[in-house]
Amino acid sequence: QFSNIGGFTAAKLYEAHSIISDMFLEDNTTFLSFPADIISTGLRGLINDVVKRKLVDVIITTSGTLDHDIARTFGKYYCGSFNYSDVELREININRLGNVLVPDESYGELIEEKVMEQLEKLYSIKKEWATVDLIKEIGLSINNESSILYNAAKNDIPIFVPGITDGSFGSQLWSFYEQHHDFKINLLEDEHRLSDIIFDAKKTGAIMVGGGISKHHTIWWNQFRDGLDYAVYITTAQEYDGSLSGAKLEEAISWKKVRPNARFVNIYGDATVIMPILMAPFL
Amino acid sequence: QFSNIGGFTAAKLYEAHSIISDMFLEDNTTFLSFPADIISTGLRGLINDVVKRKLVDVIITTSGTLDHDIARTFGKYYCGSFNYSDVELREININRLGNVLVPDESYGELIEEKVMEQLEKLYSIKKEWATVDLIKEIGLSINNESSILYNAAKNDIPIFVPGITDGSFGSQLWSFYEQHHDFKINLLEDEHRLSDIIFDAKKTGAIMVGGGISKHHTIWWNQFRDGLDYAVYITTAQEYDGSLSGAKLEEAISWKKVRPNARFVNIYGDATVIMPILMAPFL
Amino acid sequence: QFSNIGGFTAAKLYEAHSIISDMFLEDNTTFLSFPADIISTGLRGLINDVVKRKLVDVIITTSGTLDHDIARTFGKYYCGSFNYSDVELREININRLGNVLVPDESYGELIEEKVMEQLEKLYSIKKEWATVDLIKEIGLSINNESSILYNAAKNDIPIFVPGITDGSFGSQLWSFYEQHHDFKINLLEDEHRLSDIIFDAKKTGAIMVGGGISKHHTIWWNQFRDGLDYAVYITTAQEYDGSLSGAKLEEAISWKKVRPNARFVNIYGDATVIMPILMAPFL
Amino acid sequence: QFSNIGGFTAAKLYEAHSIISDMFLEDNTTFLSFPADIISTGLRGLINDVVKRKLVDVIITTSGTLDHDIARTFGKYYCGSFNYSDVELREININRLGNVLVPDESYGELIEEKVMEQLEKLYSIKKEWATVDLIKEIGLSINNESSILYNAAKNDIPIFVPGITDGSFGSQLWSFYEQHHDFKINLLEDEHRLSDIIFDAKKTGAIMVGGGISKHHTIWWNQFRDGLDYAVYITTAQEYDGSLSGAKLEEAISWKKVRPNARFVNIYGDATVIMPILMAPFL
C-alpha cells in the first residue's frame, strides 16, 4: 500500500521493507534495539512474535524493558490519556506512561516479588553474574509464552542491557546487594559476549527503534567490525540538537559504526505506528 | 491491528477511526483541510478517492495544492532522496520537495500553460471571480479522473484557498492581472460562501491534516457556530512554540473553535503514514 | 557569548549573527517574515523596535499579526500556562494561545470596534483596496508608538498579508463586505507591489521566523530574481514531513528561491528565545 | 531580558531562573544530569564552571561525557557543519557529532592512552571498583583545570554513570578486563552511594539537560524520597511518543519521582542555547 504513496515517510517505509527483507534473507547477525517505553504498549506482543520466530539474533535494550515485560506477564496495564491529572493518579497509586496506565500493584510490587525470588535461587548457584546470563535465567523462570524474556531465553537470543541498574529490575539488584554484599554483576563479561558476537559475524544488520543507550550500544559495537551492513533506524528525535538519538545513520558512517556502502534508512515517527507496518509482512 | 497495540499513537489511531466513522455516519458537514506538500505524494490519490466518494463536504487548502494537482495531471513527479544536492538539482531544472522531485517542465511551465488558457476563457465570461468558483471552473476544465480539482468540481465539493496568491497558480493570476487590470479575485465572496456553509450546518466535523492557514481557516469559521463537533488533527508540529500549527485541539476549545463536548483527537506523525491507515477503511 | 559555545545551535547563532550583520550593512532589500503567534508575546516589542529603526524593508506576515498588534495596542494579554483547562477558560471568555491568555474583550470585540470604524472611513475614500494599502492606512490611524502597524506605516515599510481573510481582521473585512457588496480587496495589486520590490532589488536578504505562508511568500517571490542572497530561517518544524515549513533553505536552492552561493543558515528553536539573541546587537 | 518577552519559551526561562535561584539558595541536594553530546560543545566549559563553583552536589551522566572530557583536555575538536559528507570524513579519520568534528587522534586513540595508563595504576591498588570511585581517581589524575572530571573530583562532586560500558571509556574497561579477568566494576556499589545521598537529603532539586538514562536515573532515585522538590528539565524530545525522554515532569509526579507540590518547569530547546541563558546569572 505504501509503495504507491511514493513520498516523504511512506517512501521510506517501502525502502525499509526492502532492507529488512534482505537483512532477514542473508546470513546476517541481526540486532534489534529498542527503548523501554514501547514494551508498555502492544509492541510488546509484536516484539514477542519477532523473538518467537527467531527473526533477530541479539537484543539490546534498557532496564525498563525487563520491568514492563515482567510486570505485564503477571499484571495489567490500562489505556488512558496523555491528559490525565498526575496528581490525582498519584493519589490512587497509578503511574502514567504517556497514555498507558501502570498501577503500582502491576509494577514495582510485582517486579520485586518475582525478581527477588529468582535472585535468591540464582545467588545460591553462583555469586557473580553477567547480566545477559541473569536475564536469561529469569526469562526461563517466567515460563510464559507472552513474555519476551521467556521466549528470548528459550530461543537463545541474548538480551543485553548496558544500563542494567536504571529501573525497577535494577533496583532489585541493588536491594539484593544491600543484603548480600558478595552478590556481583559482571557487566564487563556482557561486553565480552558482545565482542564475541561482533567478531564472529559475517555481516550485521540492525533494526533500531528509538535512540539513547540501546541504539548507541548497537552501533558502538558494530564499529569494531567497520560498521553495520544493514540498518533501519526508527525515531522521533531530530538532528539539530546534536544528540545521539537524533543523529542520522549518515553520521554513524563517519564513526565507522555504519559502512559507507551499507543499506540504511532513517524513519521518523512513533514506533507504535511504524513497527506494525514494517514487521507485519514477516509475522 | 492498531486496536491491540493499545498505547501512544496506535491508541490514538483507534480513537480517530471511531471519531471519523461517526462523523461520516451523521448528518454532518465535514471539512477536510490539508497543506500543499502532501499533494506531491501518493496522498493525492487517496484524497482524490475521498472526493470521488463524497466523503467530505468542503475542502480548505493552500495554493500549492492547485499547483501539484494540475502539474501531476499532466506531468510527472519522481521519487528521490532528502539528501540530493540542491545545487546540482538546480542545474538540471529539478525542484526538490522533501524526497519528491519536481521537474520544472512538470510544474511552472505546465501550470502556466493550463491555467492561462483557462483564465482567458473565464475572463471572457466575467471579470471578477470568487476563488472558489474559479477553482471549480478550472477543475471542470481539467476533465481527468485523477484530478482532485476535477472530481471536487464534479461532486460539488467547494475548494477554498484563503491564501490563493501564494504559489504558481497564484502567480498566474497575478501575471494575468498585469495584462488585464480589470481582472479581479473577490476573496470576500469566498468568505461569504463559507459563512453560508457554516450557518447552514447542523453539526460539523473536520479532518485536518497539518497546520498553517488551511487548519486555521477551518477552525476559525467553525468558531462562528461555537465550534466543531468532531475533529481529527494530524500533525508533526509541537505545542511548545505557541504556534497555531502546534496548538492542540484542546486550545481551540478556549477560542470556541471546538466545542467543549466535541469528540476529538490530536495525532502526531507524517500524514503519508497516518492518512492511509485512517482512511483505508472508508475507501 | 555563543561564539565560544561552538557547537550545535550555538554555533549557528554565531553564523546567523554574521549573516545578519552583512545583510544590514549592504545595499540590500531585506524581508522580515513571521507568523502571527509571536506577536502575542514580547517579540512584538522587539519587532516594533526593528521596524522603528528601519532595519528591514518589507514585512510579510499572516492575518493574526494584525489582530494581535491592534488588540495589544488597546487591550491586555496575560501570561498563563500551557496546562490551563480550556473548558474553564472558555467559560470565562479567555482564549489561550500557548501560555498566553487573550481575553475576548482584548481581542475580537476590540478589533471589531477599531477596524470597523476605519473601514467606514476608508470605504468613503475608495471602494477597492490593495491589502498593503489598507494595512498602512489602518496602521496610521492607530497612532501609537507601541504598534508595529503604526511604525511600519510611518516608516514606509509595507506589510504584506497574503492570507488576509484568515483571522479577526479578515473577518471584519468579510463582515463589512456583507453590508457593502461593492467593497473590494484587490489582492492581485499586492502581488504587483511585491513584483516591483523584487524587480527593483539589487540584492535581497530575509530573516524568516517560522514557516507557513509568510515564509513561502517571501521565498516564492525571490525566485523571480533567482533567489535570496542572504537568508536566516528560524523554525521549530522538521524536514522529514516534506512540509514547506520544515524544508531547509537548501531545498529552496533547487527551486531558485535561494541562490546557490547565498549565505544562509537554518536555526531550530523557539523564536521567543532565538530572536532576542539574534536581534539584540542591532537594537 | 526574557522577563518581558513574556510568552512561550521565554516565559519559561524566566520561571526556570526563579526555580534555580531558590534551588541554589536552599539547603538542597542538587543533581545535574546531562547527555554526553553537549560535552563536545562549549557547554563543557559552562558545566566546568558550575562544578568549580560547587553549584551542584551530584552529577549523573553517560559514558560519552567521560570520553569528551578526557579527549578535549588533551586533544582538539573543531566546528564543522551538519551537511559534511560522512563518507569523506571517514576517509580522513574524522568523526562527526552534529556540526562538531572529532578527529580519531583526539578521541579513541587518546582516550585509550590516558585511561589504560590509569587503569594499570588503579588495578594495582585494588581489583574491584565502583564506577563513581574510578571516575574520581581518573579525574584527579587528569590534573587540568579545564576538565570537568578533574574539578568534580577535587570538589567532591560524585559523577555517576549508570551506563558505564557504553562508549570509549567503557570500551577501555572491557579491553582491560580481557587482559585481567579479575578486574571488576561494582556498579551495585554505585547504587548504594546514590541511596545514601538520597536518604540523607533534606530537599532535592535537579537540573536535567536532555533525556535518556541520565535523566531517568536522576528522577528514579528521587522517587525513593517521594520525589524532587525542584526540577528544571531542558529537552528537545516530545511527549507523544511515550518516551522517557519526551515525558514531561508532570508525568513524573504520578511515579512519585517529582512531588505534587514541587516547583518545576519543562523547557524545549537546544541546551547549547538554553543553558548559557539559564546559568549565566550564577557564574
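Order of writing sets the labels: A, B, C and D. Residues in every chain begin at 1.
In the analysis below, a contact is a pair of C-beta atoms (placed from the backbone, for glycine too) under 8 Å apart; a residue touches a chain by one contact, two chains touch by 3 or more.
For clarity, every value in this text was computed on a predicted model and none was experimentally measured.
Relative to chain D, the chain whose mean Cα position lies farthest away is B.
The chain pair with more C-beta contacts between its two chains, of A-B and B-C, is B-C.
With centres set at the average Cα position, the gap from chain A to chain B is 39 Å.
As a whole-number value, the distance joining the C-alpha centres of chain B and chain C reads 23 Å.
Multi-chain contact residues of chain D (touching two or more other chains) are listed as 7-9, 37-38, 40-41, 98-100, 238, 240-242, 250, 268, 270, 272. Residues of chain D touching chain A in their complex: 35-38, 40-41, 62, 64, 82, 86-87, 89-90, 94-100, 162-167, 170-171, 173-174, 177-178, 183-192, 195, 210-213, 216-217, 220, 236-247, 250-256, 260, 270-272.
By the touch criterion given at the top, residues 7-9, 238, 240-242, 268 of chain C touch chain A in their complex.
Those residues of chain A whose C-beta lies close enough to touch chain B in the complex are 1-2, 4-13, 37-38, 40-43, 45-46, 79, 83, 98-100, 250, 268-270, 272-274, 276-277, 280.
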